[in-house]
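Chain IDs A, B, C and D follow the sequence of writing; residue 1 opens each chain.
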Amino acid sequence: MRLGMIGVGRMGANMVRRLLRAGHECVVFDLDRAAVDVLAAEGAVGASTLEELAAALAPPRPVWLMLPAAVVDRVAEQLVGVLEAGDILIDGGNSYYVDDIRRAESLASRGLHYLDVGTSGGVWGLERGYCLMIGGEAGPVAHVEPVFQALAPGKGEIAETASRKDRRSTAEYGYLHCGPAGAGHFVKMVHNGIEYGLMAAYSEGFNILSRANVGKAGKAQDAETAPLRHPEHYRYDLPIADIAELWRRGSVVSSWLLDLTAEALGRDSELAKFGGRVSDSGEGRWTVATAIDQGTPAPVLSAALYQRFSSQGEDEFARKILSALRFVFGGHEEKA
Amino acid sequence: MRLGMIGVGRMGANMVRRLLRAGHECVVFDLDRAAVDVLAAEGAVGASTLEELAAALAPPRPVWLMLPAAVVDRVAEQLVGVLEAGDILIDGGNSYYVDDIRRAESLASRGLHYLDVGTSGGVWGLERGYCLMIGGEAGPVAHVEPVFQALAPGKGEIAETASRKDRRSTAEYGYLHCGPAGAGHFVKMVHNGIEYGLMAAYSEGFNILSRANVGKAGKAQDAETAPLRHPEHYRYDLPIADIAELWRRGSVVSSWLLDLTAEALGRDSELAKFGGRVSDSGEGRWTVATAIDQGTPAPVLSAALYQRFSSQGEDEFARKILSALRFVFGGHEEKA
Amino acid sequence: MRLGMIGVGRMGANMVRRLLRAGHECVVFDLDRAAVDVLAAEGAVGASTLEELAAALAPPRPVWLMLPAAVVDRVAEQLVGVLEAGDILIDGGNSYYVDDIRRAESLASRGLHYLDVGTSGGVWGLERGYCLMIGGEAGPVAHVEPVFQALAPGKGEIAETASRKDRRSTAEYGYLHCGPAGAGHFVKMVHNGIEYGLMAAYSEGFNILSRANVGKAGKAQDAETAPLRHPEHYRYDLPIADIAELWRRGSVVSSWLLDLTAEALGRDSELAKFGGRVSDSGEGRWTVATAIDQGTPAPVLSAALYQRFSSQGEDEFARKILSALRFVFGGHEEKA
Amino acid sequence: MRLGMIGVGRMGANMVRRLLRAGHECVVFDLDRAAVDVLAAEGAVGASTLEELAAALAPPRPVWLMLPAAVVDRVAEQLVGVLEAGDILIDGGNSYYVDDIRRAESLASRGLHYLDVGTSGGVWGLERGYCLMIGGEAGPVAHVEPVFQALAPGKGEIAETASRKDRRSTAEYGYLHCGPAGAGHFVKMVHNGIEYGLMAAYSEGFNILSRANVGKAGKAQDAETAPLRHPEHYRYDLPIADIAELWRRGSVVSSWLLDLTAEALGRDSELAKFGGRVSDSGEGRWTVATAIDQGTPAPVLSAALYQRFSSQGEDEFARKILSALRFVFGGHEEKA
């Protein structure tokens, strides 16, 4: 089918490519004209304005937004003046699901359908396919299904889940209608929350491995340093990169994130080019905020999030309070 | 080659089977004579005593123990009287690596080699292969390598790690000599610590998904219940089992543990047969204890461990203190 | 001065009493007429309607609401029709500070002043005085200051802070104008977040003390129970209640919450009348949600909150996932 | 009575002073002869050798060690050659209780009694008194009781615990015999674990307060920075130092640690002289290790400990793993 794509940065461009390869047609628009030209050269139809994009599509027009969450509302508002009743706006970015609920209501009152599609796959999605978590009305979802089929990974070589023999679902092809407006981004949000937790579990584990030799160094013996009772238990120089590779085969912790860890450590087992300042992009925060709203305990997902905040230096005043207290009650000077 | 296997419970028996399939010979011993007979019928050589087992092996004898950690020392001591200088004792169970260091020294003083082999794979290892993390001296490790090769998964269909093109290691076949005595179980210990963290990340995420409908129920409005500010944001009945299946394809959180989660939820998305009392078997505790010894922060791995302790009811007195304090300072009665 | 008090439940009634004792006059209203009568008998002026209450006050009328957060908006709306421009509405309950910001704007547009006053002290405040955290415009705060002075504890016998010799503030009397609308409840919210953390720290510590004898019992030795390596280190039957009392004197952990812990344990060191289901009332959640909004790490305050959620059973599905995974990958049956 | 004190650094010297003021006699020894001379000038008896110290005491000699934990064993061993059967060795430092158990056994076999005394009070103890947690045999504890009485704070002006009217204990005077060998340091260890948790709760809370203005700054709007949805909720410049002072009066979070926080913030509300590198001195680690041994959940105490580890930079490799993963799967460059 023919789809409009607004926003052809790294993610959007690759999605267009995957759609073109599957035989779909894409009309693309971006404020960055060069990005549009690149895709036009690869077979997409370039549009210079939203109006042009709309004109190149047949109603009910499917228009996919692949934009920073912060600008979705503005572009959606512009599209209201360009699209027709019955057209389908699809937000494939990382919107907060609460905004989807509001947006779907607002657009419905003006005759437009709205789908929220959480999209996982990153820069690997072009080859690997995108995992799609979809929210919205059933009718528009069914209309756009060919697009979802083309973007998703499909069955691939992934083994069938034995217990699901009699339970068929598009989930087995990598896309799923999860529920009404917001459900897609809700599921994607939790997906990212889990991702933070998984990443943190590996990162803590590899940190422990990397420090298996702390008994070797003659560690400082002063009142401000807790002594190591058994330095003889910490004399291993472990082959970190090889261990990551090892665990990819037959272990309980094998995963795609572990594959990537092995890739990163294979490049440089010291990770010397990284400083360890870790950004977070919203979904991790929303997941924890949701858990708190619900009254659901989420200690692991929260700890993973806080580790990122601390890496950004946001724990500084808290640490100063601790140092100040130690100084006031015990006369402890900070160790340089 | 011909290997002695002591302890042929669920794990040990399957390892023998995998070795037999690969053309190796196994002499097996177990206090449970029936377990020995079963394997004898499948091609193994049964032994009635440790002496008989030793007599059936050629020096340097490789003897693999697949026993509960608590009995390894006792059996090792018995074997000292049976084996000869140069023989190789292999502990494939879940020993604490600190015990390995002690054991290796003690056995070395009596002429025996000791290898510690962390083994991951569980009941799936027979088909999938076992991931082997090996500690000990290089010579004995090389001698037993054919056994490791047979037990490990091998390259299989797992994609090559691009950055490792020029870096060859047995890790790519699923077994690795990680370092001197204890290194194998150290790596396995951290592996299990990570496993706890990964499991907790999924469990918290699915719990949040399962509670996406808390805004539907008319929730109690009393002074002891924090109100939900926006019940309209929590009205989703999400298809949990399908979401687990969905994420297996193309998502960032795909993993073997997710495959198993999909399998478990495919059987019953309510998990009604489980009560939620979660045991822990030692490695998770040792991982956190190690992190603390090292001074390595491990908030995620610890939170995962504590969730299990709480599930066992071990937080009870702490919770009673909280209730008692709320009663004393605010007159709050516990909600039934 | 003469103050109107709406809502004379446990907290409100005691505040009226403390004001009366200080020589202030109180006009009180409550839907529960009996509660009004009780206070009228103690010297307050009872009012049967909001109009009657307003009529009994001189402009600019200070009207203090001591109501559940959920009904403040409704009552404020009713008062808009009853009060006059320049009158001062004071919310002394546990409102979310975000609601204060909205309310202050809305009431200002109709000529009314709004103060938000976070109030700590619980059932002990009548004797001990209330710690008051105040938000709103400076003028109305100054007008009502005599009331704040009477409710607050005053200097009392609390030692002067040495470093503050040249820094005078009403903080030393137990009340403080913290900033514009919402600042009072913002500070109170964080106060309660800290309170959760403090309570959790004590509760975890006393739990560890209470389990100092776990090496005495012959603990189950099975594959589902991690063994205690050194039972001989855990043979203490510690006098929990006496330890709480002990720490009140000269220790670093002395505090009012510890005083209360000693009181509770003094009544019954087993806390047998409590089951350990711990409610949370909003502020703890808001504190963590605020931290996440800000990007401020709050691992301790969050862990304290999650412990309460778990005590309410909200971790159940997460625990079931863990049990199900252990069953699927390792054949582990749940321990009864 | 007459007591020997070995180790008269900051803590030991003040304890001698407090004993002298109470009318006791002290024979003091330290490798730092100047420290001995200072106390001799204040009324203590200086000793140049351990033998001289022993000779100046009457059997059964009470000898108090106030030394770094790392040297206690060595000095105890030296004293074995100097003391007589029946003499009483008291370790008032911060030994690991597990060492006490071993030491008490070893010394008992050579006729000496051993008491372990956890001592809280820091540099404030001279005036405030020391809170003493005592382990060991009842006889020697009774013999030394006059010393405990003099060091402890006594009843002071601290309000009586209502529920303890009919329950008399030395706890009310600030010292307590907690149980057999090791019990004193066990209780002190948990005390310090709680202290870490309390400190962390305050530090996180004040950090949140200090960042109540994050909505004011025009925060970076890029893909690597999660946007603040409601900057208008974060426009407070809160008077942090005054708030600490405020909470000292009538609030639920009042405590001695809060008194010290007010003192520290009163000196400089920015805490500019501190960098936020927070040492930990052993007890916090042992508390968490104990909790893990016991299977007792301690999420708050652990989070507090890990915050210190992170402040020491020990999370670096973990953070690098996170950055590397984000780069590999999403092409995210680290933000400078």
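Observations on the structure shown:
What we mean here is this: contacts are C-beta pairs under 8 Å (C-beta built on N, C-alpha and C of every residue); 3 or more make two chains touch, one makes a residue touch a chain.
Fair warning: this is a prediction, and the values are worked out from it, not measured in the lab.
With centres computed as the average of Cα coordinates, no chain lies farther from chain D than A. Set side by side, B-D and A-D show the greater C-beta contact count at A-D.
The geometric centre of chain A is 44 Å away from that of chain D, both derived from CA atoms.
With centres set at the average Cα position, the gap from chain C to chain D is 29 Å.
One inter-chain figure worth recording: chain B and chain D are separated by 38 Å, centre to centre, where each centre is the mean of the chain's CA atoms.
Touching of two or more other chains is recorded for residues 122, 200, 202, 204, 207, 211, 226, 229, 252, 257, 263-264, 280, 285, 293-299, 303, 306-307, 310, 314-315, 318, 329 of chain B.
Residue ranges on chain A touching chain C, taken from their complex, read 252, 280, 285, 288-289, 292-299, 302-303, 305-307, 309-310, 312, 314-315, 318, 329.
Here chain C touches chain B in the complex through residues 10, 68-70, 96, 122-124, 199-200, 202-204, 206-207, 210-211, 221, 223-227, 229, 257, 260-261, 263-265, 271, 274-282, 285, 299, 303, 307-308, 310-311, 314-332, 334-336, going by the rule given at the top.
Chain A contributes residues 97-98, 101, 120-122, 125, 128-131, 133, 152-159, 161-164, 167, 169, 171-176, 178-180, 182-183, 186-187, 190-198, 200-202, 204-205, 207-209, 211-212, 214, 226, 228-230, 232-239, 241-243, 245-259, 262-264, 266-267, 287, 290-291, 293-301, 303-304, 306-307 to its touches with chain B in the complex.
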